[in-house]
Structure formats: C-alpha cells, structure tokens
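Chain nomenclature is as follows: A, B and C, assigned in order of appearance, with residue numbering initiated at 1 for each chain independently.
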Amino acid sequence: MAVLEIEERCEITNEAGHVIEELVVNVGPSHPSTHGVCRVIVHLDGEVITKAEPVIGYLHRGIEKMTENRTYLQVVPLTDRLDYVGSMYANWAYCRAVERLAGVRIPERAEYLRVIVCEMQRIASHMMALGSAAADTGAATMFIYAFDERERIVELFEELCGARLTYNYVRPGGVSFDTPEGWTDTLLEFTRKHRPVLDQMDKLFFGNVITRGRMKGIGVLSAEDAVGWGASGPVARGSGVNWDLRKHDPYSVYPLFDFDVPTGSNGDAYDRARVRLFECYESCRIIEQAVAQMTPGRVKAEGFPRLLAPRPGDAYDHIESARGSLGVYIVSDGSPRPYRVKFRSPAFCNLALLPLLSEGHLLSDLVVVLGSLDPVFGEVDR
Amino acid sequence: MKIQQLREHLCETYPELCPLFSIEFGDGVLLVECDQLYKAASDLKALGFDRLGMLTAVDRGETFEMVYRLTSRSMSAAIFLKCHVPREAPRTQSLVALWPAALWQERETYDMFGIEFEGHPDLRRILLPEDWVGFPLRKDYSDDRIVRRPDYI
Amino acid sequence: MSGFLWGVVLGLAGCVVIAIGTLLGVWWERKVSARIQMRLGPQTLGPFGLLQTAADMLKLLLKEDVTPRQADARLFRVAPFVVFAPVAVGLMVVPFAAGWAPLDTSVGMLFFLAVPGLSAIGMVVAGWSSRNTYATLGGLRGAAQMVSYELPRTLSVLAVVLLAGSMRPLDVIAEWRWWWIPLNAIGLLVYFISSIAEVNRGPFDLPEAESELVAGYFADYTGIRWAIFMLSEYGAALAAGLFGAAVFFGGPGILPGPLGIALFVAIAIGFVTLMMWVKWTFPRMRPDQLMNTAWKVLTPMALVQIVIVGAVIPWL
C-alpha cells in the first residue's frame, strides 16, 4: 500500500478568484506499482491534480563519487546497477566513452555482439515497462505475458554471461565472453516466437476499450516541449519527435542494419506505450540481421590493458537505450582511475516532465502518466 | 554536419564566438567566460541548438568547470559549452529560461557541487535530503562514512 | 419450528453456504486466472490444490487481530459484519429447487436486489472508522458505485418481472419459458455487467484496487476481518450468479428433478467464471468512466429492454 499522510489543507485562490481548499497528498515512496521508490507530492483541487511534484533521491548511492575511487574496469559493475532493468546498454555507453577516451577500436564481432545484447535488452526492458504499465491499470494478465517474454530473454542472458539482472558483460575493449554453442539458434527461435506474442499483446491490451479510455489523451506532451525539456526515447518519439540515435547519429554497426523508427502522433500515454511495443518488432529485425551478418572472430581487442590509463582529457559518448539517450561523460587525468564520470540519465530528464504532464488530470491518471514515462530509479537517482 | 562545417557556420553567424571555439579530440568546444555564458547559450540556441543534452560540473581544484552539451537535430551536430566558475564564489547564470531541461540538472549540480544558479526558480537539493551538509562530488568532501578502498589495484 | 428459530437456522446455513462457496470460489478463481496467464495455479495442497484456500483461511485465523490506534474501535470491528450480513440474507431468497426457496416471500425479487445493497453502508462504515482520509473516500466511492449500478440491475430484472407478472422468485421460475432467453438478451448483458460492478470485481474494482494509488476502504483490516470482506465479495458474486441463473435461465425448473438443480448450479458457476474471465482480461476503469457507464450506457440499455418486453406482453 502507498504510505499516505495528509500534510496540509491549504486555502488558495484559484484562477477564477475563488478561494478553494486544496488537499495535499503524499504518494509513496513505497509504491504498489513496480516503478521503484518515487515519492510524489500531489496538490489536489477536489479530484483534479493542480501540481504533482516528484521527490527523488531514495535510491541515491553516490555512484558517480564511487567511480572516482575505482579503475576503469572496476566501474563496469557500477554501471550495471544504474539502470538495473537495462544493464547491457548502461555498460555499453560507459565502454564506448572509455574506448573513445583511449582511442581504441574493438573487433567487429564484439560490436555485433554488443548490438545483439543491447537489442535483446531493449525488448526485455520494454516488456517490463509495458507489463508494469498494464499492471498499474489493472490488467494483470498482460503483466504476466510480458514478463514471460522477459523471462525468455533473461534465460538467454544467463546462458551467455551467467547473470540474470546485472550482467557486467560489455567491457572496455569488447565483451567478456563469446556466445556458447547453440545460443544464436535459441535466440532466433525466440525472435520468431516473439512477434506473434507481440501481436497478441497488442490486441489484448491496446485494443481494449478500457485501456484506450485510461491511456488516450492522458499526459499529452507536445513536440516542442519534448525537445525543450530534453526528453528522449519513446517519451519524445511518442510526441512525434523523430529522433533515434541509432538512425540519426549512428554508432557501432547500426548503419549496416535496415530498421524503422516507430513514432507516435498524439504524445499521450497510449502513443508512448505503443511506440515501445513497436520498437520490440524492430529490435527483432535488428537481432536477426545482426546474427546473419556476424562472423567468427575475437571478442576482445588485442592488447587491451586491464589497467587502462588513458590520455588526459574528456570524452562523451551516448547510445540509444530503452529509455532514451544514455550518455556518459568521462574526465580523465591520465591515472588509472577516472577523475569524474557523469551519467546523463534519460529517465532523470524524462521524469522532470511529470509535473507538466499530470497537471489537470485526475489522481487515478497519475500512475498512468508515471508508467508512460517509464522511470527506473537506479538511473534517476544514481 | 562535420565539425569544420559547424565552425564555419558559427564563425559566420557569431564572429565574436569564433576565437573561443576549439576542437578537442573530435568534439567542438566553446569555452566562454562565466558572465558571457547566458549570451553565448542564447546565441547557440538561435543558431539551431534546440536541445540541452547534458549539464554537469567538474571540480578542477581552483575552479569548477561547467560543461554543457548542446545538440541540434536540424544540423545533426553537437557542441560543448564550457566555462570556469571560481571556487570561492561558485555562481553562474541559469539556463532554465532557454531550455527547461536545465531545471532538474542544475538542481543536481547544485546538490553535488554547491554551484548556485542565478535565475533558477527552485534551487534546492534534489538527490540528497534537504538537511544534508556538504557537497559530495567536490574533491575536498570528507565524511566519516566514506570507506576508502585500498590503493592496490 | 418457530419463525425466529427458523430464521437463525437459515442465517447459519447461509453463512455456511457462503463459506464453502468462497472456499471453492477462491480456488476456482486461482485456477482460472492461472490458466489465462499460462501458468498452473495451486498444485501442492490437496488434489488439484483444493485445500489451498483452507490453508489460507487457517493462516488468516492465526493472524493478530490489529485495530489501528486512531480508529473508532467499535465501528471498526463491526463494519465487516455489516458488509457481510446483507449478502448472506439476500442469498436466502434464491430458489434452490423447483418449488422451494429458503425464504419464500412475495417480494423476493425486490428483496434480493435491495437487501445486499445495505453492504454499501458497511463499506462507508469501514472506511470512515479507519480514520484514514483516503479509506473514507474509498468507502464513499465504493458506496456510490454500488448505488449507481443498482439502477440498471434492478431495471434489467424488472423486465423479467413484467413477463412473469409476479415478484415472487418461485412464480418467476414456474412461468419461465425458453424464449425468454433471447427476449431478455439485452437485460442479461446489463445484469451481468452491473453485477460485476455491484460485487466490486473486475473492471469495476476501484474501491479496493484504489490501492494502486491510495488505500482502499478495507486497507487497515488484517486477518480474519479482512477475510470476511472477501467472503462477502465472493458470496455476492455467487448470489449474483445463482440469481441470474434463476431469473434469466429458469433456475432449477429448467429440467425436472435433480438434473435441473445440477444445470442451475452449472449455469451459476458459468456466470461466475465469466466474471472471473472478464476481471483478468480487462484493466480497471477510472471512477468517472465507471459512473458514465452506469448512467449513460447501462441504464438506457435496461430501459430499452423494458420497452421491448412491454411491447411483447400484449401478445402473451
């Protein structure tokens, strides 16, 4: 249950000049929904939200400070725990920044493997996002279906690197292990079976009249606001901002693949969730192309030092994660430990939109808006 | 847009910013004085940089180096905007009026470094509790609770 | 046996029926929802997991009975029973055999529709006595929902009453003809949807699943007191199923003898299963959408049903 206290009833004068009594309600930080620890202080005028202010920091662990005390390789497990629903791409963003700083090129097979695991991670993360969004509105069956799909992916990851949640797989210089025998066959079987399940989920959840009533027109974000507020990922693409780093600022081997970028048109919660669903189809396409194009070879750069001491200076690199553009800015002073690492977290920037999006809606819509922004608090709070 | 093209475009439109522009390891960097920050930022926004991607600070000892990364979808370009804020008086101008994305990120920088942003509507701690004393990401931050790892690698 | 004693016996029998019905109903719900969600459901305790609910009840009985300090103790303790009792009483007018109902009154249909509505008072009492603002609001909302959906439910049953010419359930069963089913199709649909709302299940479970955001009206209840709320919910669902089977499908009188009673119970179970299926497929409705559906969609449909029946009656 949500922890509730009534903090104050204050009398304010609303726009029409009437003095009304406003109820201030505290929602969270422990939530029944699976988004994590987020406290929202909601000012209500009757049933309508006048102001919803998120209070974050409940999961702040000081990861950026911790990186200053570790070597470049030792930071990789810390990045796992940032966005714990998407460890693979958090690892990858950091490794790209390190490799840019060190000026290292990694083998092609490693690039392909990184793309494959990142796209699998994207599907897993979107299944989590859609499942919890569905569970928030009460559709428990959709939640179970989504997590079943996520389970297939997590089992594949366990075969690959031994962990189910925090993988520590993408390392500076390449990836840590090559794929076991038969892994790519299981993976292709998964992508083959995943598409009909996505169709089923589309009909079950998005075709439902109650879902439409709950999610259409809720939390509408205009395209200008999306760009001005620094939103990225499905949150921005749901509003029609056609910007995907994989297509418009391509990195790694993405230019070699053929895929589309789904965008929404209305910018409401329904469109954002739908963008996430369609991105899963595209990820399946990318995975199949990558597996077909991948050639045997090394998975770690030759001669890459374990104790890396890169040139003094700074470097920034970013990738398109499931939540948006995840960037890592590293400042190095030439020693084996980074001087400063900054994680530009997409969930943090997207969550800043919550007051804007929930104003004027009912209290029941707050959970729907929060679910459509898809925050993961490991990343928001670091 | 390549870096050279960006430099030419910038020099044409804002010649006074031209000498401040440099290319470091493949990224375009504009290093300005602190009191020129807002002007330079609004010039860049007018140039086409419609998105503030990242805002952070680095503790360089005597100064805090403010790092802003701006991106432009129309030009497909990115640029770093940097300025050095003196440590004794860590104050700079807030860019919230230009990009609302700065709202939370400036709060976070204040929380971690203690840099005050003039013009920010709601400058208070965001990640740490309200009553926290000290600014953790500063290099001289000390706390009994920090466990220093052994120096062997 | 004197009337009072007979009443006590009936009351106890009703409680026992509801208790057993809930035991089986919870098990059935867990199995049905599991199969919908591609998993198995209770497996270990008893054959097919039948003893699972009994184990849960035992666990609940052993829990500490907590009354929050700020709650109004007497009202807090009484509220679950205020919610449960009307449901048990309402079940008594349902005819269980072709010529017999435990409580045979000439206004049986009205009795069944009106008396369980008293649970709404219990919901408000439960929410209010918890001294928790959102529990109170949850209780009020639940009561508003119950009261709103009583209208389409009553109207849909009214169509059958018009056809039968009597409010006595045994008369309705005696008068029932097979072609009442297609004639009352709209009414059956309205009755089904309103029953889900009356029972606080499925897409209409805002008062209790308000706990996605805030505490529902029975949030502060633990152990066996909470179980009594569950008993009343499943009891009401069972009663709605039995009553629907009796009124719209002719009850135990469809076929003669014990076959008729078996078919009657089967239809009721089918009704309840359909309610479960709906619950596990659809997300939850928002309160304003809920009220919209009651007043702007279901009530007009029920009125249309009455008009249809009214047009047909002169030809009977």
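We take it that contacts are C-beta pairs under 8 Å (C-beta built on N, C-alpha and C of every residue); 3 or more make two chains touch, one makes a residue touch a chain.
The structure presented is a predicted model; accordingly, all values stated were derived computationally and were not measured.
> Based on Cα centres, what is the most central chain?
The most central chain here turns out to be A.
> Can you tell me which chain lies farthest from chain C, using the average of the Cα atoms as each chain's centre?
B
> Distance from the CA centroid of chain A to that of chain C, rounded to the nearest Å?
Distance between chain centres, rounded to whole Å: 43 Å.
> With centres defined as the mean C-alpha position, give me the chain A-chain B separation in Å.
Comparing mean C-alpha positions, chain B is 24 Å from chain A.
> From the C-alpha centre of chain B to that of chain C, how far is it in Å?
Chain centroid spacing, chain B to chain C, equals 62 Å.
> Going by the contact rule already set, what residues in chain B reach two or more other chains?
If we look for residues of chain B contacting two or more partner chains, we find none.
> Can you list the chain C residues touching chain A in their complex?
Where chain C meets chain A, its residues are 33, 36-39, 132-134, 203, 205-206, 209, 211-215, 219, 280-289.
> Within their complex, state which residues of chain A touch chain B.
Against chain B, chain A makes touches at 56-57, 60, 62, 64-65, 69-71, 100, 225, 227-230, 241, 243, 248-249, 307, 313-316, 318, 325, 327, 329, 331, 336, 339-340, 342, 344, 348-349, 351-352, 381-382.
> Considering the complex alone, what residue numbers of chain B touch chain A?
24-25, 27, 50-54, 56, 58-59, 67, 69, 73, 76, 80, 99-101, 103-105, 108, 112, 125-129, 136-137, 148-149, 153
> Tell me, which parts of chain A touch chain C in their complex?
Spelled out, the residues of chain A in touch with chain C are 1-2, 4, 6, 25, 27, 32-33, 47, 134, 136-141, 144-145, 148, 204-205, 208, 210-211, 213-214, 362-367.
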